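Below you'll find the structures, each written out as C-alpha cells.
In the two complexes below, chain A is the common chain; its partner is chain B in one and chain C in the other.
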Partner chain A sequence: MRLKTRRNTPVWLIAVLPILSILVAFIFGAFFIIWAGESPITAYIALINGALGSSFAITESLTRAIPLIFTGLAAAVAFRAKFWNIGAEGQLYCGAMAATLVGTGMIDLPSIIMIPVLFIAGALAGCLILLLPVFLKTHMKVDEVVTTLLLNFIILLFVNMLLEGPWKDPMAMGWPQAARIIDNGVLPTIVAKSRLHFGIIIALVMSIIMWAILRFTVWGYEIRAVGYNQQASTFYGISINKSVLMVALFSGGLAGMAGVSEVTGLKGYLTLTLSPGFGYTGIAVAMLAQLHPIGVIVSAIFLASIYVGADAMSRTVDIPNYIADILVAISLLSVLVGSMLARFRIVWGK
Partner chain B sequence: MKKLQFSKICKNFGAVVANDNISLSLGEGEILSLLGENGAGKTTLMNILFGHYISDKGFIEVEGKRLTPGSTKASLDAGIGMVHQHFTLAENLTVLENIILGTEPLSRLWSKKKLAYKKLEALSKRFGLLINPDAKVADLTVGEKQRVEIIKALYRDASILILDEPTAVLTPQETIQLFKVLKEMVNAGLSIMFISHKLNEILEISDRIVVLRHGKLVGEVATKKANKELLAEMMVGHKVTRPAYEKLEIGKAVVELNNVCLNASDGTVGLSNINLKIHEKEIIGLAGVSGNGQFGVASILQGLTHPSSGEFKLFGQSLIKYDPRYLTKSGVARIPEDRSKEGVIGEMALWENFLGEELRSKAKSGFIIDKKKAVNNAEKLIQEYDIRCEGAFASTRLLSGGNIQKLILARSLSNNPRFIIANKPARGLDEGAISFVQHQIINAKTKGAGVLLISEDLDEIFELSDRIAVIFDGKLQGPFDASSLTINQVGLMMSGEMKEGSFNEA
Partner chain C sequence: MLELLELILTTSLWAAVVRIATPLIFATLGELICERAGVLNLGIEGIMTIGAMAGWLWVYQGGDLWGGVVFAAIVGMLFGFLHSILVVYLGLSQHVSGIGITMLASSISYYAYTMIIPFSTTPPKIVAFSAFEVPLLSSIPIIGGAFFNQTALTYLAYILVIVTFYVLYKMPLGLTIRMAGENPVANEAQGINVLLIRTGAVMVGSALMAIGGAFLTMSAFDAFYFGMINGRGWICVALVIFASWKPGKAFLGAILFALFEALQVRAQLIGADVIPYQIFSMMPYFLSIVAMMLVARRAAYPKALLVPFRQGDRI
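And now, the complex of A and B:
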C-alpha cells in the first residue's frame, strides 16, 4: 500500500470533505452513546433540537459561535503562514483585559466611538503579547508552539491575580470578577429576548476582510508564500521575518477581539470563566475550515451548535456533555485524514 | 552465460507507459551504459531490478536464475549492488560502521568489526579504493563518499554494480579516478551498468550503449561505433543543435565585485577577496566543485545576502542596501540553483509564480494584485516559451523540471535583463531542455546582457563561455580567456591547484 499524489483535486471533493467528516464523527460518536447506555438516535435528536430546534436555540448557537469565529480566524491566518500560534486563549484574555481597563470608567464616549475604541484596544493587546514569541522566533529561533502555549498559562494566572486583587469588583459578593463595562461600551443584542449580540456582525465583517486580504492583496500572497515555501519566498524578495510579524499581528489582534466581544457583548465583565477554551477550539475551527476565512464562519457555527446541543442533550438525556468534545475531536481527525486523501490517492499493492 | 538479463519488461503507471517491452542483457566483465532523458524509463527499470516495483510483464534473470520480483532482499542476495546518485550514508558514523550497517543480524549483540576490517582492507587493495575505515563520513569529500558507497556494495559481494549518474558530483580528476576503479573491477570479472546522460563519459567508459526513449529501448550500439551526435539523436529522437558560440564586442561593465568577502556560515564556505568584472555581451563561466563558494557568489548577486566587506557595483553604481526586488527591478535576471524548491512555489498557480519576483512592483497602488494582467501575462509567456502545462491556473508542482525551468527563464528573461546570474541552469535537464536553456542564454547575450554562468558541467562552461573563472575554497582564479584554457587545466584549478603563473590573466 502506498500513496500517490493526485494531479488535481476536484472542487466538489474539497466541499464535500468537511460534511463527510462530520458524518463520520456522528457515526463513531454513536458507539460512545451506546456505551453510555442510550440510543444514539434519541441522543442526536436531543442534540439537534438543543442546537437548532427553536429560535432561542439558534441564537444560543450563534452566540457561542462569535468568539470561535474570531479565534478560528486567528488560527487560520497564522497557520496559513505556518506560524503556529497556539496562544489564542491567552491573547483572548489580553483583549478582555484591555477592554476592562479602558471600558470600566477610564473613558466614557458615545457607543459609536466607544465600541470601536474597545475593539482596537483589545486587538492591540492581543498583538502586543504575541510580539514576545515572534521576537524569540525571528531572532533566536525559539519554537513558537512552546512559547505561545506557555504564555497562555502565564496570562491566565495574571488575570487570576488581577481578579483576586486590584480588579476585584467589591459589588460582586466575593466572586472573582472585574467591574462591569460601562453602558456605552456594551454591545447591543440584535435579536430580542436572546443573548445574540452585535459581535456576530463584527465577526462576519472580520471574516470577509481576512478573506479579501488573503485573496486579493500582496499581503495575502506573501502570507501564503511564506507558509508554502520559505526558500522560494526569500528568493522572491519576501522578508520572512516581516511576514511572520504581520501574520502575528493579525492573529493576535483577532484573538484579542474575541476577548473584547465576550466581555462587552456577553458577560459584561471580566471573569476567569470568560472562555472555556475558545482559543484552543479556534484551532479546530480553523482546521475544519481548511484555513479558509469564510469556511471559518461555517465551521465555527457548526462546532458551537455541537457544544450548545450537547449541553441541552445532557439535560434531557442522561449522557455527559463531553460527548461534544468527542464529536469535535473525531470530526477534526476525519478532516485531517480526508484532506490527505484529497491530495493523495491510496494505491494497493506495489 | 549472461550475467543479468531483462526479458520483455513492461510497466505501466495508469495511462503512462514507463517501460515498454524492454529486453537487455549485461555480460560478465562488461560495462553497459544506459542512456536516456529524464522520464525515459531508466529509473523505473532500476526500481524493478531492486524490487521496489513489480513489472506488469516480463522477468529478470541473474546468471540464468529468475529473480523474485518485488523483493529488495532477493536482489541484494543475487549480488546486485547499487550506488545512488544521492548518497545513502549516515554522516555521523564512520566509514566502517556505514559499510557493515545492515549486513549483520540484529540478534547479535556485538559486531564483528575485526573481520569487517580485514575484508574492507582486502577490497580497498584489490580495486584501489583507498579509504580510511575510521574516518567519519561527514568529514569525507564527495568523491570519497562515493567510494564508500561503492565499497558498501562490494562488501556485500556484489558482482553486478549499478551506478546512477555517478559523475554528477565529481571533478574531472575524480572522474578519471573513478573510471580507473571501474576498469579494475570489470577486469576482476564484475559487471557494471552505468546510468548517465553525459555523452562524453559514456563514450569513454562503456563497452556497449543502450538507449531508452519514452519507455522503449530504441537503440543498442557498441561504443566503438558510436559518436556524440548519433547518441544525442537516438536519445531525443531528432537532431539536437547546441547553440553555436559567437564572440561579440563586449560593452560596458554590468557587474563589478571588488574585494568582496563573505563570512562562512551554516556550513557554507565563505568568500575571500573576490574580484570579478562582467561586461555586456559576454558570458563568464564560473567553474568549481559544488560547495566551494558558488553559493555565496550567487547569493550576493541574487540579492539574498550582502558581502561582509568589499564592493558590489551594478551597472556602474555601488550598491549598499539591496534586495531581490531591487535587483529584479533594475534589470537583473535571476536563475536559482534549485529550480523546484527555490525558483517556484509548487503549491501556487503558474500565474502566481510568474508574478513572484515582481509582486509589489506590479500590484495596483503597491497592494492589490492585478490578477487579470498577471494571468494574461502568464498565458502569453506560456505560449511564447512553449511551457507544457494545463494553463495559467494549474498548480506549478505538476510541471516537469524542464518546464519549471522554462517558467523561470520566461519570467526573468522576458524583461530584457542587462545582467543574468544563472546558477546551474541546465543541471538535471534532458537534452531538448538543455538546448533550449542554452539558446535562451546565448540570445540574451546577443541582445546585450552580461551573464555569469555557474556550472559544474565543464562541457557546458566551455561551450558557452567567453571567459572562465574557477572557484575553490572561496577563492577565485581568473577569469581567463576560454580559448586559452583546457578542460584539464580547469579541472586542476577546481581541485585547488594554483595555475595563475602559467596563464595570461585576461
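And now, the complex of A and C:
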C-alpha cells in the first residue's frame, strides 16, 4: 500500500469527508457512553432529539451556531495563510469588552446605527489585540501559536478584573457581571419565543463576504498563495508580512464580532461565562469546513447541534455533557486524517 | 529592596519555587524531547490534564502512588502515540493535530471526572506523596532545605534532567534523536528508521508531560480541579524556546520562572489593597511572552521541526 498525490480532488470527496469524520466521532463516542454505563443508541437518540427534536431545539442549535460561525471564520481565514491564530477565545472577549464599553451608556444612537457601531468597535478590539502577536511574529520572529494562546489567559484575567472591579454591576446581586447593554444596542430576536437573534444574519453575511474576499480579490489571492507556498509568494512579490497582517486583521476582527454578538444578542451583558471555549471550537469548525467560509456555516450549525443536544442528553441520560467536547475533538482529528485522502490516493499493492 | 533580599534568602520561598518548578521541569523536558526529534507537540496542555486526572484516579480508586505515576505516564504515551500516527506517519499539520489532542485529552479528563464524581462541591482529596529529606544535602543553608526536602517526584525530575542531557548529548541514541530533528535524510542514509525514532521521542516526551500533570494532583494540590493545568503546558512550550532546546537551560528556565511566580504570589498578598490580584496573576503569561521575545531572534530551532518526513525523501 502506498500513497499517490492526486492532481485534483473530486468535489464529492470534499463534501463526504466531514460527514465521515463526524460518523467516526460518533462511533468512538459510543465507547465513552458505554463506559458511562449507558446505551449509545438511547443516548444518541436523546442527543438528536435535544438538538433537532422541536422547533425550540432547532432555534437553540442555531443560536449556539452564531458565535461558532464567527470564530470558525476567524480560524479558517488565518489557517488559510498558515497563520496559527489560536487566540480567538481572547479576541472574542476583547470584542465583548469593546461592546460593553461603548454599549452601556457611552453613546446612545438609534438601533440601526448603534448596532453596526458596536460590531465595528468589537472587530477593532479583536484586531488590536492580535496586532501584538503579529508584530512579534513579523518583527521579532516570535512564534504566534504560543503568544496567541498565552494572551487568552491574560485577557480572561483582565475581564475578571474589570468584572470584580470597575465594571461590576451593583444591580447584579453580587454576580460578577457588567451593566446591561442599552436597549438600542440589543440585537432583536428573529423567531418569536426563542433566543435566536439577528446575529445569525450578520454571521451569514460575514461568511459570504469572507468567501467573496478570498475568492475574488487580490487580498484573497495573496492570502491563499502565502498559505500554499511562502517562498513562491515572496518570489512573485507578495509581501508575507503584509499578508499576515491582513489575515490577522480579518481573523481578529471576526473573533471580536463573536463576542459582540454574544453580548448584544444572547446574554445582554458581559460575564466570565460568555464563551465556553467558542474560540477553540472554532478551530474544529474551520477544519471540518475544509477552511471554506461557506462550509463554516454548515459545520458551525452541526457542531452547535452536538453541544445543544449533549446538554439536553445529560439532563435525561446520565452522561456528562463533556461528551460533546469529546465528539468535537474526535471529529477534528478525523477530518485532519481525512484531509490526507483529499490530497493523496491510496494505491493498494506495489 | 532590603525586604526583597531577605525574602529571597528564605528557605520557604525557595521551597515554593521548587514546588512550582517541578511540573514545569517534567513538561518542558517532554516538549524538548519531542521538538529535538522534529515534532512540535501542542497536545502538551491536554496531556498534562489527563496525566493529572489519571494519577489522581489511580490513587482515588485505591491504587498505590507509584502505580499512579506509571498509569499517568502510560496514558500520556498513548496520546503521544496518537499524535505520532497523525504527524509522523501521516505527515499532517502538527499545529492542528496538537490542538486536537489537547481538546480530546482535556475533554476525556473532564468527562471521566464528572462521571466518577457527579455532584461534589469540594473535590475529594487523596493521600499524596509526602516530602522526603535527603540526608546531608538538605543541610546546605537556605537552598538545601528547599531543593532537598521535597517529594519523590521532584527528585525524579532532577534525575530526568541529567538523564535527558546524558542521553541527548553523550549517547548514540541522543545523536540519532537530534538528527531526526535537524537532518532526517542523513539519519535515513545511516539506515535508521526516522519515523520510529520520532514516534519514540514523542511518546517518551508525552509520558513526561503526563507525569508533570500528575505531580499537580499527587504532590501539590492532592485533588483534581477543572482547568487546573491553567496554561502551564503553553508556558512550557515557551520555556523550551527560552532554553534553546537544552535540558540544563530548561531546568534553570523553569526555576527562574517559578521564582517569579512565587514572588508574584507573595506580592499579591502584600499589594492586594493597591493593585488587583489579577494583575499579578497575569505576570507568568506576560513573562513567558517576554522570555520568547528575548531569545526569538537568535533561537536555533531544530531545522526539521514541523517538517514531515517520508521514507525515501531526497532534498
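One rule holds in what follows: the second predicted complex is superposed on the first by the 343 of 350 C-alpha atoms of A that agree within 3 Å, B and C clash if a C-alpha of one lies under 4 Å from a C-alpha of the other, contacts with A are read in each partner's own complex, and residues count from 1 in each chain.
In this section, a contact is a pair of C-beta atoms (placed from the backbone, for glycine too) under 8 Å apart; a residue touches a chain by one contact, two chains touch by 3 or more.
For clarity, every value in this text was computed on a predicted model and none was experimentally measured.
When both complexes are superposed on chain A, chain B and chain C fit side by side without a clash.
By the touch criterion defined above, A:237 reaches chain B but does not reach chain C.
In the superposition on chain A, contact is made by A:323 with chain C only, not with chain B. Residue contacts after overlaying the shared chain place A:229 against chain B, while chain C stays out of touching range. Applying the stated contact rule after C-alpha superposition, one finds that A:283 touches chain C and leaves chain B untouched.
Here chain B and chain C are compared by how many residues of chain A each touches, and C touches more.
In the superposed model, A:193 lies in contact with neither chain B nor chain C. Between the C-alpha centres of chain B and chain C, as viewed from that of chain A after superposition on chain A, lies an angle of 70 degrees, to the nearest 10. Between chain B and chain C in the chain A overlay, the least Cα distance found is 5 Å. Interface residues of chain C, counted against chain A in their complex, comprise 42, 82, 86, 90, 92-93, 95-97, 99-101, 103-104, 106-108, 110-111, 114-115, 118, 230-231, 234-235, 237-238, 241, 276, 278-279, 281-282, 285-286, 288-289, 292-293, 296-297, 299. Within the complex formed with chain A, the residues of chain B that make contact are 52-54, 70, 302-304, 323-326, 328, 334, 336, 338, 341-348, 352, 355-357, 359-360, 363, 366-369, 371, 390, 394-395, 398.
Put simply, chain A touches chain B in their complex at residues 7-8, 216-222, 224-225, 228-229, 231-238, 349-350. Across the interface of their complex, chain C is touched by residues 32, 35-36, 79, 84, 86, 136, 140-143, 145-147, 149-154, 157-158, 160-161, 164-165, 280, 283-284, 287, 318-320, 322-323, 325-326, 328-330, 332-333, 336-337, 339-340 of chain A.
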